[in-house]
Amino acid sequence: MIAAAALAILVAMSLAIVRALLGPTIYDRILAINLFGTKTVMLITLIAAMAGRADYLDIALVYAMINFIGMIAVLKFFEYGSLGHAGSDGQED
Amino acid sequence: MTILDILSGTLLLAGCALGVIGAIGLIRFPDFYTRMHAAGVTDTLCAGLFLGGLAIQFGMTLASAKLLLIFLFMLFTCPTSSHALAKAARHGGLKPWTKAGSDGLDAMGHEGAKSR
Amino acid sequence: MMLAHLIDIFLLVFLAVISVALLRIKDLLTAVMIFGIYSLTSASLFMVLAAADVAFTEAAVGAGISIILMLATLAITGREEKIVERKFKLLPLIIVSITGATLLYGIRDLPPFGVASNPAQVHVAPRYIEQSAVETDIPNIVTSVLASYRGFDTLGEVVVIFTAGIGVALLIGRRRRLLTAKEASRHE
Amino acid sequence: MLTHLPVLVVLAPLLAAPVASLMRGAFAPWVVATLVSWFSLVCSLLLLAQVGEQGVIVYNMGGWEAPWGIEYRIDFANALLLVLITGMASVVMPYARLSVRQEIGEERSPMFYAAMLLLILGLCGMTATGDAFNIFVFLEISSLATYTLLAMGKDRRALTSSFSYLVMGTIGGTFYLIGVGFLYVMTGTLNIVDLAERLPALSDSATVRTGFAFIVTGICLKLALFPLHLWLPNAYTFAPSAVTALIGATATKVAVYVLVRMIFTMFGVEFSFVEIPLSYVLVPLAVVGLLSASSVSIMQLNIKRMLAYSSVAQISYIILGIGMGTAMGLTAALLHVFNHGIMKAALFMSLGAVAYRMGGVELKDMNGLAKTMPLTFWAFVIGGLSLIGVPLTVGFVSKWHLILAALELGWWPVVVVILVGSILALIYIGRVVEAGFFKEPADNTRREAPAGLLIPLWILVIANIWLGIDTRLTVDIAEAAAAQLMAGGVVL
Amino acid sequence: MSGLGIWNYVIFIFLMMAGLYMMISSSNLIKKIIGLNVFQTSVFFMYISFGYVEGGAGPVLTEGVTLYTNPLPHVLILTAIVVGVATTAVGLALTIRIKESFGSIEEDDLHKMDPSI
Amino acid sequence: MNDHLILRVVGKFLIPYVMLFGLYVQFHGDFGPGGGFQAGAIFACGFVIHTLLFGSRSTEQIVSIGFLRVISALGVLVYAGVGVASLLLGGEFLNYNVLAADPITGQHIGIIVVEFGVGLTVASTITLLLMIFAERGLPS
């Protein structure tokens, strides 16, 4: 069961990598990377389950967090061209 | 093979099936928005089912609580980022694909055409 | 254990594919994002090799902080690598081939992978595994080695990150904005 | 407290750097940095005396004994190097005040001094430690500080030279890491003495040999051996004066020391020179490097760049001594490490004084310097004579020992090369001296450098002559250090 | 596993060389830094593989487990990762300064501007 | 990011939990994976999210660059201070055994304080790095 699950996740990850490399727009890549990130979270939980270690799940949580932050960062970069920009309803410079 | 095992296996497999389907959609669909549809929609449910399946295997321990936390986190962040991404793409001028053939790529140019 | 091998093989193939892709990608933003995948994959590989702490750090730092810093840099420098006529550079290729060949020669005599009786596993490490419960009473051996047995290394590590902070503040710290403008005009 | 001397040398700059980085203005951090480097100098002198009395000093960090914890292990070789590093720091720091005020500005001074302290800390840590991985950590501390400091130069090319050093330096550091990893997997230990005990049994292993190759290549990148020296000239040329003086005098020397430690203590003479014919690699590279770098330096118009190339040449002398693989060669190499540190610091500091007044160090800026800045210029001349190897200067002492060592092996061609190198040095120093004495200055007013620059400079110049006349101290220590190193790491 | 083990190392070496090649042949400074990271990460893999024990648990003491992987490489690599990030940060800061004062981050361009670089 | 109202709301909602998680990793590092370095990085991620969502200027009103520099220096001093304390108490540098009457307690104290120092430096330095980089990118 677990083996099938692992295989499925890995296949999904490979497909995501293919899409990330093919593009063609930058948004496709971001989407693929996001998908890859969530699949990585699952892979880590699976490894934790295989090892029977609950504390490995912290790492999965970190992955989920980093995935989200990376997403925001890329979007921010893409929309505003700078990471420190406040946007129009924040404190304006 | 207890009933819990079967339940957990079913959930796992269902989750994984969703994941693979989403990934295939990511490859096969013609443009960004449809791909996003495939990936974004399946993603959260896939994670939910998968983590649920694992939680059953772990039983009522701290691990399950952590899995729940991970699930909650993903429940918030995955749709949010999908939404933000779709909005950004729309905002950036990427036109949805139509069967007529005026696909988004032309409006967008090739990747990298728009640089700020 | 076959499952671990399966994951291992997949991850290694991912890494190889990504590294080749990184060499070829021209768009820097894409390169940085693909490098993000590389980091995530490498952290998973650390997990497979039972190095949870390392995976933790690589995920938080390699995939998170490095990528964000690179994006912040791209925001200033612009994201496209200039397309130059691809000059074929022979020297790097020669250097890389020699280095790679030396390494391939070097791994011939490596002890077998993952065997518990390897020299690295029987000399210093057993003391940490057997005695750290008695000597420091901390379950996570990595923490006790990191903070106590090799605490001085970790002090060095803290100083390294502090140095990086000092260095970056000196190089691009905020109040330098006016100065830089002056500098730029001087060189024009 | 005397038992804690090995750690105090490193601890003082470590505590001072964060404190200095938070201060305001330029004066307070300068005072801290200066006092701390003096304190470290006192500690390392005491340490040298202690090594003389007690032999090798072992200090266990955290109280964990050697292979499990990290140990500091001080013998004559690293005590000598510690004296060199802290001594140079103690002279450069007072000197730095004026030139930093001019070149860096008050606002960035606190962090600049903090970075200087971190550099000293990294170099001392690399020198004192007896753990192969700990060397890497401190190597990276000193490298990061160096990248930052080099980029502080006013010329914008300082940035690119710093970046290329960053790339080369990281490759070097990572090569070293690969090598240490290979040794670790074969032996299971990272302690140098422990490794020295275990490696002879493994000398046939391809992995150990590859590890050796990577460690030596990595360090040679750091110490700018001939084909790997490309980062050095630009880095030295565009850095601020005080930084060039400190780095030129110490950074490459510490890398040389690490190389010596690896070749002689960790792998042992038997392995390095008999099983792997290291001499056949190092000596030709050193000879080619010596001749080519000296020739290139004749053609330079920027004096700082000229001295940078001369550094590459002088490092080749040191590598020549190491490559001989004999006690005498090693003695000469260690002597030259120390002596070249002193004379290069003096030369770079006098150039700093010139730059302070003239704003540049091109050959034309040296015109008529004997009239306008006599004290600075005479310091440069004496440093130059030392570089050439004129008797009664330190340069002569080490070159003489190098020639003796070559004669002992019957390497006549090498002796000829050393002499040719000296002649080339005579030519490039001679050009500057000629410009200083016989060309007319652009503006004839006498504008001697301020005392704040001259006093530290002349301290070094006097050391140059003093240690050139009274050779007992340095030669004895170098001989003792060489004897210890040749015997391998297992001496107690 | 023995065959697979060697293949592990071969792939790590391949990654290392890809990173090294990127570092020394790329003209773009940011690509160089990405190469630096790839290079270092693959060295980290190698270290962690050195400490891996087949079937060993991660080095957190658990009751009933006697076989652990070697904790020492993990500690070393934790330190090395930090070093890598610090180097990356300083390198990126330098890149920004280079962009601001030269207007380009292509080594070829910089060469054209000033052959002595 | 005025367009992204949802992102802002979710992000803002997550920040305290991210920081809480950082603290958990910091103090749970003795028992499971984690420790000062990882905790510092995660804690810094809280500020990273804030900077990304609300701009570096508004983050700087919460933690100024000067403050971050003080904390980053403080972390080094805390770590080295433990070493100095053990020197003064008669042990070798960083020998935690002498910090308390019982060596094991001493080790515990030492490791916790040291990890705390690591966490301080890493969290503040990473935030500092990000803020400096982000500020530099702002149009002046």
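Each chain carries a letter (A, B, C, D, E and F) given by its place in the written order, and its residues are counted from 1.
The rule we apply is simple: a contact is a pair of C-beta atoms (placed from the backbone, for glycine too) under 8 Å apart; a residue touches a chain by one contact, two chains touch by 3 or more.
Note that the structure is a prediction, hence the values are computed from the model and not measured.
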| item | value |
| --- | --- |
| Chains touching both subunit C and subunit D | E, F |
| Separation of subunit F from subunit D in steps, with touching chains one step apart | 1 |
| Most distant chain from subunit D, judged by the mean position of its C-alpha atoms | B |
| Comparison of B-F and E-F by number of C-beta pairs in contact, larger one | B-F |
| Euclidean distance of C-alpha centroids - subunit B vs subunit C, Å | 28 |
| Approximate Å spacing (C-alpha centroids) for the pair subunit A, subunit E | 21 |
| Cα-centroid distance, subunit A relative to subunit D, in whole angstrom | 47 |
| Residue list for subunit A, restricted to those that touch at least two other chains | 2, 13, 23, 26, 29-30, 51, 53, 55-56, 58-59, 61-62, 65-69, 72-73, 75, 78-84 |
| Multi-partner residues of subunit E (each touching 2 or more other chains) | 16, 20, 24, 50, 57-58, 60, 72-73, 76, 78-79, 82-83, 86-87, 89-90, 92-97, 101 |
| For subunit D, residues that touch 2 or more chains besides their own | 14, 17-18, 21, 61-62, 133, 137, 140, 144, 147-148, 151, 156, 178, 184-185, 190 |
| Complex contacts: residues of subunit F adjacent to subunit C | 25, 29-35, 37-38, 41-42, 44-45, 48, 65, 69, 72-73, 75-76, 79-80, 83, 93-94, 96, 103-104, 107-108, 110-111, 114-115, 117-118, 121-122, 124-126, 128-130, 132-137, 140 |
| Residue ranges of subunit A in contact with subunit F within the complex | 55-56, 58-59, 61-62, 65-66, 68-69, 72-73, 75-76, 79-91, 93 |
| Subunit F to subunit E touching residues, read off their complex | 31-33, 37, 122, 129, 132-133, 136 |
| Sites on subunit C touched by subunit D in the complex | 102-103, 105-111, 118-125, 127-128, 148-153, 155-157, 159-160, 162-164, 166-167, 169-171, 173, 175-176, 179, 183, 187 |
| Residues of subunit E touching subunit F in the complex | 58, 60, 78, 82, 89, 92-93, 96 |
